[in-house]
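Both of the next two complexes hold subunit A, though its partner changes from subunit B to subunit C.
Now for the complex of A and B:
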């Protein structure tokens, strides 16, 4: 976990091309050292590659091609490098170990919800992407040009956030039922509100 | 909706409510990560931060909902290293706005469906974020005049973006309420 935090912080702080490339090499090597294949790496980075193209394009639109290309690539690479340690961490560390390490420095019930929040980051990022695709297929204009005008922000918020919140509320219901079915909040056969058996 | 004692889990929330608030914290982190675009506009990330903090209070109308969301988002932010400028103090960047939202909602329970209330609360809560940055600047020994100027600019920009984020909350909460997704709480909750 400390390694992951360190790598995330490094991704935010490193600005030079050599430093970012070195971090990328370290991450890719980490995937292979963890005996994860190219398919797992591709599955983790494919969303960011699309984002990289969009971000670089936006920078080039704003600052011109020669001035915008490097800041765009650097920023999107930083975003990728910021998420990769977390993806590698989640792929290589069992949930129980993440929980036990979080519990060392915070109350266990709070640690549980921090862990849930962390665990669902990739899930909701995927949901966000799916909802965006579906809304575009329905004819909603979600192109960057449409984003520029603040008058459209309310419509964009409605068509993106409401399905996302509905999904979050439904997922919370299902996850709560699943957790209760697995004995969350029960200890030694008695109901408690302490959440000790999570 | 009456709750059994067994339903109560953490800070008076049921498991389902606490999970929903945790997901709001997840959305804050996703929004912060997506908005790391170096737009050179101070406080632009407060749009979605305030939006989701106020939305969390709207979706779970219980005392402490925004504080819980802010706390989880802040801890996640520190764990993921997103608060590089303020380190562990990044927790307070989310906790203080959450506290502000909860205090206002305590006095005015219909906050999340009121445009003026959401805009003012969003702006004021977002302005509080500057307190943490000022604290960090004081700790590193920055000149007081520079700190004051930075604070003034930061507060104004955060308030503008926070208010903007807040303005989008009532319509979303009303639509979620119309769809029957918000559980209204009795006087004892």
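Now for the complex of A and C:
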């Protein structure tokens, strides 16, 4: 936990590109020390790579090509390095440890909600992927250009967000049931009847 | 012999609903007895298990369910249908310890409980493993362990066989047998009871929320039949023109250098019904994804519906995909709009759209639901609406990924009959992936086995 906060702060403080690259090397080493492979690293950083391209591209648009490149890379690296400690933390720390850390500053029930919401994020990423797959075959053009145009937002809301919300509600319901059936909330003699939000 | 669980005249209706889901249920289960519950979808099997577990809110008389104290730690424990949504923790150990930890058990007790529960389901040594690194079968066994950690006298299992392949079911039945000999009572709700024949002591057939019949053994018709009478194997496809699916020598490696496909080739002719069978984790879904361009092989060539190296938007209207859960694709206000969705994007006249949608709804036997909201339908109806919505565009290729889970045997038969007709009358090619070799009930023209990255054997049916 401390390591995570330290590394996040370091990512914000360090301004030179060399320092950031050094931090990146430390993180990659951290992944391998935690016996995680290249594929896990790739899965955690691939979305940030898109972010890096966009941020660097915007910097270059503003400051011109030679002047914009380094600030762009620096800022996007900072963003990446800010999130990597968290990703490493989630991959290496068992849920009981995360729960007990969360419980230091929030009530047990809230800690459980927060934890479960993060726990199910990858699951929803999978659902999202499935839904987009089907809708594309049904003729929705889910290209980046399509996403940006506000005229299409209503359409996207209909064919992507509604099925995703239905799935989220069902999943929350099933997860809540699983928790209640195994004594969640029993210790305090109260009944838990509210489902977790996604 | 004194019974362990007694249910006497229990009825229940959900708070907002008019009709009761359970009507006048009476049932007795002894210690060490295994009872299977079956019946058409929506007959109240799951609700009955939930009532016994005490998960239903107001509306039924609590004294209708009576559980006599036994030598076990707790009364009941429930294993739900979907492993992915009921596993809440990130490691095998934490998940197994979830129940005792919630009840505030002492650490020594938790340690022993976790060890013995994992041993019972064959997951000893997996304690520190991340749950996402488990296979489908292992995940399911973990859900049983997470209930066993408190040793409930009665274990309730909701469709435990749905996500498991033949090997997984065999392991499950072995675990169930051992639990039974230890004196646990078991209640299993499922559609295909065939796998449980060696462990079940009785069978309860439910209908419309009530108990229809109680039997001492599982009747033959509640196993999957080998062959449907409607199934007419059709080998005339061999004479048709260019294949609709042409996969040549594709290879793909997945994460951790695991080989998914290793020189796989596959041809599907027009109007042919192919059943792609493989045990869990052999890459059936990935192959379907490759066919419609959502995944790309490292090497080799794919041609789908005359499109080389397919991309999804090039295949819109030509290939259609139906996943296990119809909820993933349903969003419109009415069933009619749902089925018209892809047609509206193809620039057809309103007249033509109406004609085609009506045909698709009629074909899938959901025409009477045209003005209803698809969200409010039962699972089986949603399934047929989803099918209608993909075939309305008259695709040349229909891909189905595990289409049978959640459907009862009768609905499975109806689905297969529909698919058979699509092939024969509309010349649609079908590739259906499943983990159960018998699930095509003899309706497919060919059954292909996907194993070790290749299609290892083909079996046509003799005419």
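Here, the second predicted complex is superposed on the first by the 114 of 198 C-alpha atoms of A that agree within 3 Å, B and C clash if a C-alpha of one lies under 4 Å from a C-alpha of the other, contacts with A are read in each partner's own complex, and residues count from 1 in each chain.
As a convention for this text, contacts are C-beta pairs under 8 Å (C-beta built on N, C-alpha and C of every residue); 3 or more make two chains touch, one makes a residue touch a chain.
Computed from a prediction, not measured in an experiment: that's the story for all the values here.
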{"item": "First (subunit B), second (subunit C), both or neither touched by A:79", "value": "first"}
{"item": "Subunit B versus subunit C as contact partner of A:55, first or second or both or neither", "value": "first"}
{"item": "Contacts of A:133 with subunit B and subunit C, given as first, second, both or neither", "value": "second"}
{"item": "First, second, both or neither for A:163, with subunit B first and subunit C second", "value": "second"}
{"item": "Subunit B versus subunit C as contact partner of A:171, first or second or both or neither", "value": "both"}
{"item": "Which of subunit B and subunit C A:179 touches, first, second, both or neither", "value": "both"}
{"item": "Which superposed partner A:148 touches (first subunit B, second subunit C, both, neither)", "value": "neither"}
{"item": "Touching partner for A:116 - first (subunit B), second (subunit C), both, neither", "value": "both"}
{"item": "Overlapping contact positions on subunit A, where the subunit C interface meets the subunit B interface", "value": "116, 158, 162, 166, 171, 175, 179-180, 184-185, 193"}
{"item": "Subunit B-facing residues of subunit A, complex", "value": "1, 5-6, 8-9, 11-13, 55, 58, 71, 75, 78-79, 82-83, 86, 106, 109-110, 113-114, 116-118, 120-121, 124-125, 128, 153-154, 157-158, 161-162, 164-166, 168-169, 171-173, 175-176, 179-180, 184-185, 191, 193, 195"}
{"item": "Parts of subunit A lying in touch with subunit C, wherever the complex brings them together", "value": "37, 39, 43, 91, 94-96, 98, 116, 119, 122-123, 127, 130-131, 133-141, 143, 158-159, 162-163, 166-167, 170-171, 174-175, 177-187, 193"}
{"item": "Subunit C to subunit A touching residues, read off their complex", "value": "50, 53, 55, 57, 77-78, 80, 82, 84-91, 93-94, 97-99, 101-104, 128, 130, 132, 146-147, 150, 255-256, 289, 292, 294, 312-313, 315-317, 319-321, 323, 325, 327-332, 341-342, 345-346, 375, 389-390, 393"}
{"item": "Residue numbers on subunit B that touch subunit A, as the complex places them", "value": "5-10, 14-27, 29-30, 33, 36-38, 51, 55, 59, 68, 71-73, 75-76, 79-82, 84, 168, 171-172, 175-176, 179, 181"}
